[in-house]
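Below, chain A partners chain B and then partners chain C, in two separate complexes.
After this line comes the complex of A and B, so read on.
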């Protein structure tokens, strides 16, 4: 039977580098890679052109010189992230510079008080912008342009009236000198403050509710508003913060330079905006990070400073900055537009899969020869169920199934015409099994392994497994628990079909066929979830063998079934159980006569096998043609097979003309009947099995008979 | 607001028109100044007044067309400085006027095309594109095009001074140029098919594209127009003041241009306003500045006053047309 040896790990390794690239692009920090590269290249260029550029002394003086501007970059960056723009930063900076010096030198306010007052004034100026742009929703560009002119006008006016009072004075208290020229651990004070603010900003944006709200408002103000976020107040708050940060930067500048002039902070807004855009903070809001703002600031500062040091004429710097700005915007726009496409085409990493020869179904002597024995099924719950992936019956004969609406429905015995919602886990319940205490254990797609007590109360068993160390994408959360079975000692073996796709995209995993499935084991005794097997090609149905010593697990894309020994002499080993089914098998369950039922949801075609052979073809298909024209694994068969303990096909049941069951994903034998479910069906089927034991039921087979309860039904 | 059918003239209806309100405000200020400011209501003063705003008005016409089409062009002052500066530099160096002007024309055309193509075909935000090209161009000007930051009109170009300083029929040439630009701009926007297309594009870019308007070439065209208008404004400025200081591209002139357009009722969200408003807006600014100069107010106060006037105008506009948060377009700056 074993034409190909079982080699799960070999199948994965081919796709690892590509998968890592695709998953890296999906990480939030992927957007920072380009600004980071640009930063490194820029620094490298200037370091090679200028001698001693990277010396400690030079770096220290650079930091001392540019920390205030970097703080203003943070201010502008935050405003851009909330979906606005603040052109008045330079004027606020100039005004705060004047006010700080005037308070300290002319009015002789203590330094601490002056700093607080100046920052408060900056916040007040920011509040003007915030009120107009945030609350009144006026256009940020024109409003801050106007306030920029007004604040600048106020500075000029103050300089005219009071500038002479500052001309001769100077402040040299220790605190003031420390702000301007002090250092901590070799870093200038203003750099320390900048780093502190950057870390604070990072925490604010990534770890707090307010930060999430800021990003939400920037991403879509309308959506944020509808979600109940006070968008106007959030936006206003950010403008206030921006004003305060500019004022703080100006205080540091004042302590360092100690003079006022008409040109203080002029054109700062353009420089700062260039830094923000270069850092990849998208104009329009919602995308960006503090790290990227800092990188953008670094690039701009290194370029402007480096050009001056190189003695290049002013025009070149301007041209270079303008050109860099244009390229940065171009890249940002194109990146935003094509990111999803790029992610789609790099995320799916098809792997070569050579399938064994397709069994010939037209051959009358084939064990799979087509018949029409599912034609005359009784129909249960027609149009009352939407996608009953799995079906199961309790001891009383009631029929349970999980449906697309995220509910477990119950049809009451004996006639199954009365339907009720038994439980509502929320995610889509797939596999179902009863444990020893008649709790219904279920694999809920998107959630994990859950249980439902007989009274309908839901409890969680597990939703996490160990993270695979080399995967950038966090696969510890169980994304697509599919089917389960329970060992006599209570351990629950369940399959995670794929770690890379959620239920909405599960079929794309078939195009990848990279062995993303796992067999997991939850042990109620230790409450730990361990990985038993990995590298499975869509781990699907799970069934405990009749002797309780091994677990049968179906690999849908591999069209095969593996047997994993959990007890006995071969414990821990895996061997093929069925090597070559004609289609994509789904669930596997016990039959009354010591054999197994396997549901086959779709039939392979020679075209499909050829497609699987050529990963390059699948990659091109995904990249170049629209999704609805891709070749997918078809779910096109109403087909149930019966196999014995050695994996030999004993019997097949076909719905040849797809009258009732265009596709079968599960079947459950109970008291002489076979109940049939399908992922995309609108009904449950029931067919009499003439040769079957009319008293046999799954619960008895697993947990022994309980005559008292059985008779109650 | 696309061009509307002619209405019956009534006072209430007229007051709904932005330009009419603006004209009323301007008239009131003129009356007030005429009553209280000696020397304001004289022919010489008015000639000086209109002359002083004619370049601003011309730039305002170009800016209005871009803004109505849904864009914005920060680059115009840089184009003005670059082309006029280069023109004077070339003529100083002995090039013929025709050759120098042709080269400047090509430069303006190229910048306009670059702006337009980046905005329309590459879908980059107009604001940032034009900030970038303005920086690039002003660097290029300093580095390559001119030798000093102030370039003077060469002595031998006597006829050139006529453009900025001459009179035709007693009216200064710049004023005639302003009127020409305003009339042509008005006819273009209101009476031609492409003018209507521009309103449609500015009002709703997506709809304009869906109904089959050539929105991308349209946007390119609009930026080219803006660049060429800037070229003309630059030539007039250079002629009128006898030289060109290329540092004006770092000044606040560009804000005055937007001030004129926005006060004149050209909404920054596009598709609204017209040249009539811009002309009255320019007049209002001219009257205010002239009045303040007569009152001996410092430049700083004038700047403050202008900015406050603009702030009042846009606050007033936003109160008259409050934004509905449920239907507002996302991502506008």
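After this line comes the complex of A and C, so read on.
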């Protein structure tokens, strides 16, 4: 095979800027980008309208007014995240404000004690909501609407009875004044408390089991319960927390304003809900973050406060707040609905890929000339297997394959009619290989590299490699381990087909063709996983050369095979092994005569090659037409090729009429037979190789013969 | 001769006067004018009101802005829209603002909420007038009703009209607004003084409506059911007393149960008295209060250092009843 201009390793960088946008939108913090932009714009508008708005003095003053409401925003936000709503926040706030002032001014309780008692009372009120909504599973909207009225009624009664005692009251103890008007390092006391709570809340939600449970319960209460999470108690806990936070905010408010009034906390729930929704915390629950709640709170505060300062009349301010809430809810609904569409259209970043000229398959003299050699293929396990991507045989001749159900099946020799589940690792077991100790090592898409001992016990080898520093998307988790082979020293070389797509979307990686594949190496000695090659166009089949000095790795979308030297004078270098196959190559394995079998899963078409040339066309196609009308690579019919150590095609096996085994993703030679797998097949094929060594098997080829078993066979 | 002498004397006197007058016109200027012009030039006044939708705040804003703007004083309104917190925000914004108003006119929600920012604004040198509803902190001026006095006046009237000595039940109901608001608080003080001396008057109900007329109506309806022999209902502000008055009317007790209230004295006050919804209405005349505020502001603007100025301008009361009713007693809102 002559060298071509085709250099697969040099094209990945071109796609980086576009990939960054798509990957950024997929980050959890992408949902924060819009609230963040809104926040910045809002602040910019008011800063330009109001003189001295960004002065330190004014910012301090704003922080002072902001913090109490922001704490209530956290309370409401947490409840919304757990899938509820707490309309009683304003009433709890009012009640706590009254209780705190009454304890301190009328009953002369020391400030510290009064604060604790008030917060406990808030938690108690929250527990009422929590019991009704969380444990008894009543509708949160109705329950908290009712408790809002009840708590508000209690405030009215208390105001009437004891209000006049507080009408003139003022507390001037240092601690109380510090809470209301003190500051540390220029930050008001209440702001410091708020920041502490916000950071705590962030840690709770993102770093703790409880936080994960809150999000899980919010996302789907039923699913959370089925996963063993005590959904009721978690929800109740959040309501209690909400009550306590409201009470704490009210204590700070009391220390600052120091008055009891029927208007305290009135309409607070609407204001706070606006902030929460504006921050992109989904009303449906399970989606949101503390940072976003804070941003939502900032926007609402800046707008309401700014409008007062601009001298705008009250009614207009209320209308504006209402309009913002409506807008935010509308956005929430639309964003949720269209987010995936947007992500899809921005995530896929097609790259220009110029393929070498397509070999002419109709030419009878072509090494790829179509024949009917697979016509006589025997069928094993018809309708008993769902997608046997790879097949392998053990020393006793038993046949193993991984199927879609996440199982590794075993068909027992010699007739392969008895089928049993050998192991159930989950995920999607793809590539298979036996190691020196007869452990079956497998690449499980969605999970990583796993092993199964002969007794069926499963063990994990690795599920992550080192993260690529410039990628926004975390590619350290092995997303789609595909095929593997094992070097004599025990190092396992395996391919990660693509770092950007899961198995369900593997074909989209072909439309992108950005070189997202990797060849990884797991070293059992150090238990480390390192990246050997990256930028591969769908890294697929992996095979150790017969001399053990190099690894052959298939690039499916590149229709080529690379040879990477792991030993010898060329160690560490990579060179083309086969540069231009007529189709999308899949697995590659050793043949008995010192050559290699390579599966071609589908044939390239001129249309496909043309499509690959035009990334703009592919981008428009993905954005504008439905998925089932996209141009996809043909993966229905292929062939098996035999190549020698130089990459020269020696032989091809076709199923011309597509009757028995047109789709081939792997093949394994064993004792004179070739066993054939297919990713989407409902069968395993077997064909006799008349010229092959009838005693040859992979295990011997890799690990040497074992006298006892050899004689047994 | 005598006539002649008189005539001469007159003409002499006249000529002297004329001469003197001529000199005066040439030399004498109005010495107030330059300093007044200096005092009001480029000045700014902030009006921080609890709301902008009641008759009293509307007439205040109307007159104060009109008069001050005419004098070349800039004005701006901060509408707290029934939220003490918003009001505190507005005041705190003034504390940190680079262009502070020279005089602030503040109508408080209650005695405590704005006390702290008002205190700090005073310390920073801002001159302040509290209008009708004061906080517990004193400012340069208080312009508004004498609430204790109104309380006493109303209570005395209730004693006179409802006393069992005059064959009445002695039962009265009070409908407050916000218990902690200065008008409620000080009126109750004044009334308490009188009622303490008159145990024959029995306050059968004393509830708060939160300034909401529909709540006032509910309260009064209930009280009327519990006490069919009720003598009078006093609503501590006409804004919500409308509800109580309607409750009395609906119960068919108009004229039997006395309906008393106080307020700004806008046209609706006179209307309510003439229609019989209200029997006695104590008006503190908010239109006049606005003019008093303008006077206070102008006077503060001309005071270099007002830190020791403490002036109260209590509004005179007018009792409007069927007997005294005169349309001129009430003002119209544009």
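Keep in mind that, in the parts below, the second predicted complex is superposed on the first by the 595 of 713 C-alpha atoms of A that agree within 3 Å, B and C clash if a C-alpha of one lies under 4 Å from a C-alpha of the other, contacts with A are read in each partner's own complex, and residues count from 1 in each chain.
Here is the rule we go by: a contact is a pair of C-beta atoms (placed from the backbone, for glycine too) under 8 Å apart; a residue touches a chain by one contact, two chains touch by 3 or more.
Bear in mind the structure is a predicted one, so any value in this text is a computation, not a measurement.
K.L.:
Go through the superposed model and pick first if A:384 touches only chain B, second if only chain C, both, or neither.
P.N.:
In the superposition, A:384 contacts neither chain B nor chain C.
K.L.:
So, A:682: does it touch chain B (first), chain C (second), both, or neither?
P.N.:
In the superposed model, A:682 contacts neither chain B nor chain C.
K.L.:
With both complexes overlaid on chain A, does A:366 touch chain B (first), chain C (second), both or neither?
P.N.:
After superposition on chain A, A:366 lies in contact with neither partner.
K.L.:
Tell me which partner A:164 touches in the superposition: chain B (first), chain C (second), both or neither.
P.N.:
In the superposition, A:164 contacts chain C only.
K.L.:
Which partner chains sit in contact with A:314 here, chain B, chain C, both or neither? Use first/second/both/neither.
P.N.:
Once the two structures are laid over each other on A, A:314 reaches both partners.
K.L.:
On the A-aligned overlay, A:156 touches which partner chain: chain B = first, chain C = second, or both, or neither?
P.N.:
A:156: touches chain B and chain C.
K.L.:
May I ask you to decide whether A:145 touches chain B, chain C, both, or neither, giving the answer as first, second, both or neither?
P.N.:
A:145 sits against chain B, while chain C stays out of touch.
K.L.:
Return first, second, both or neither, reflecting whether A:636 touches chain B, chain C, both chains, or no partner chain.
P.N.:
neither
K.L.:
Taking the superposition as given, does A:605 touch the first partner, chain B, the second, chain C, both, or neither?
P.N.:
After superposing on A, A:605 lies clear of both chain B and chain C.
K.L.:
Where on chain A do the contacts from chain B and from chain C line up?
P.N.:
156, 160, 313-315, 317-318
K.L.:
For a test of understanding, state which residues of chain B touch chain A in their complex under the given definition.
P.N.:
Its residues touching chain A are 72, 118, 122-125, 127-129, 131-144, 250, 252, 255, 258, 262, 268-269, 298, 300-301, 303-304, 306-308, 310-311, 314-315, 318, 323, 325-326, 328, 330-333.
K.L.:
If we count contacts the way the header does, which residues on chain A are in touch with chain C in the complex?
P.N.:
My answer: residues 51-52, 55, 57-58, 60-61, 64-65, 156, 159-160, 163-164, 166-170, 180-181, 253, 256-264, 266, 304-305, 308-309, 311-315, 317-318.
K.L.:
Where on chain A is chain B touching in the complex?
P.N.:
83-85, 132, 136-143, 145-147, 149-150, 152-154, 156-157, 160, 220-222, 225, 231, 267, 270, 273, 277, 283-285, 313-323, 325-326, 329-330, 333-334, 337
K.L.:
Can you check the complex and tell me which residues of chain C touch chain A?
P.N.:
Interface residues on the chain C side: 51-53, 76-86, 88-90, 92-93, 95-99, 109-113, 115-116, 136, 178-180, 185, 188, 207-208, 210.
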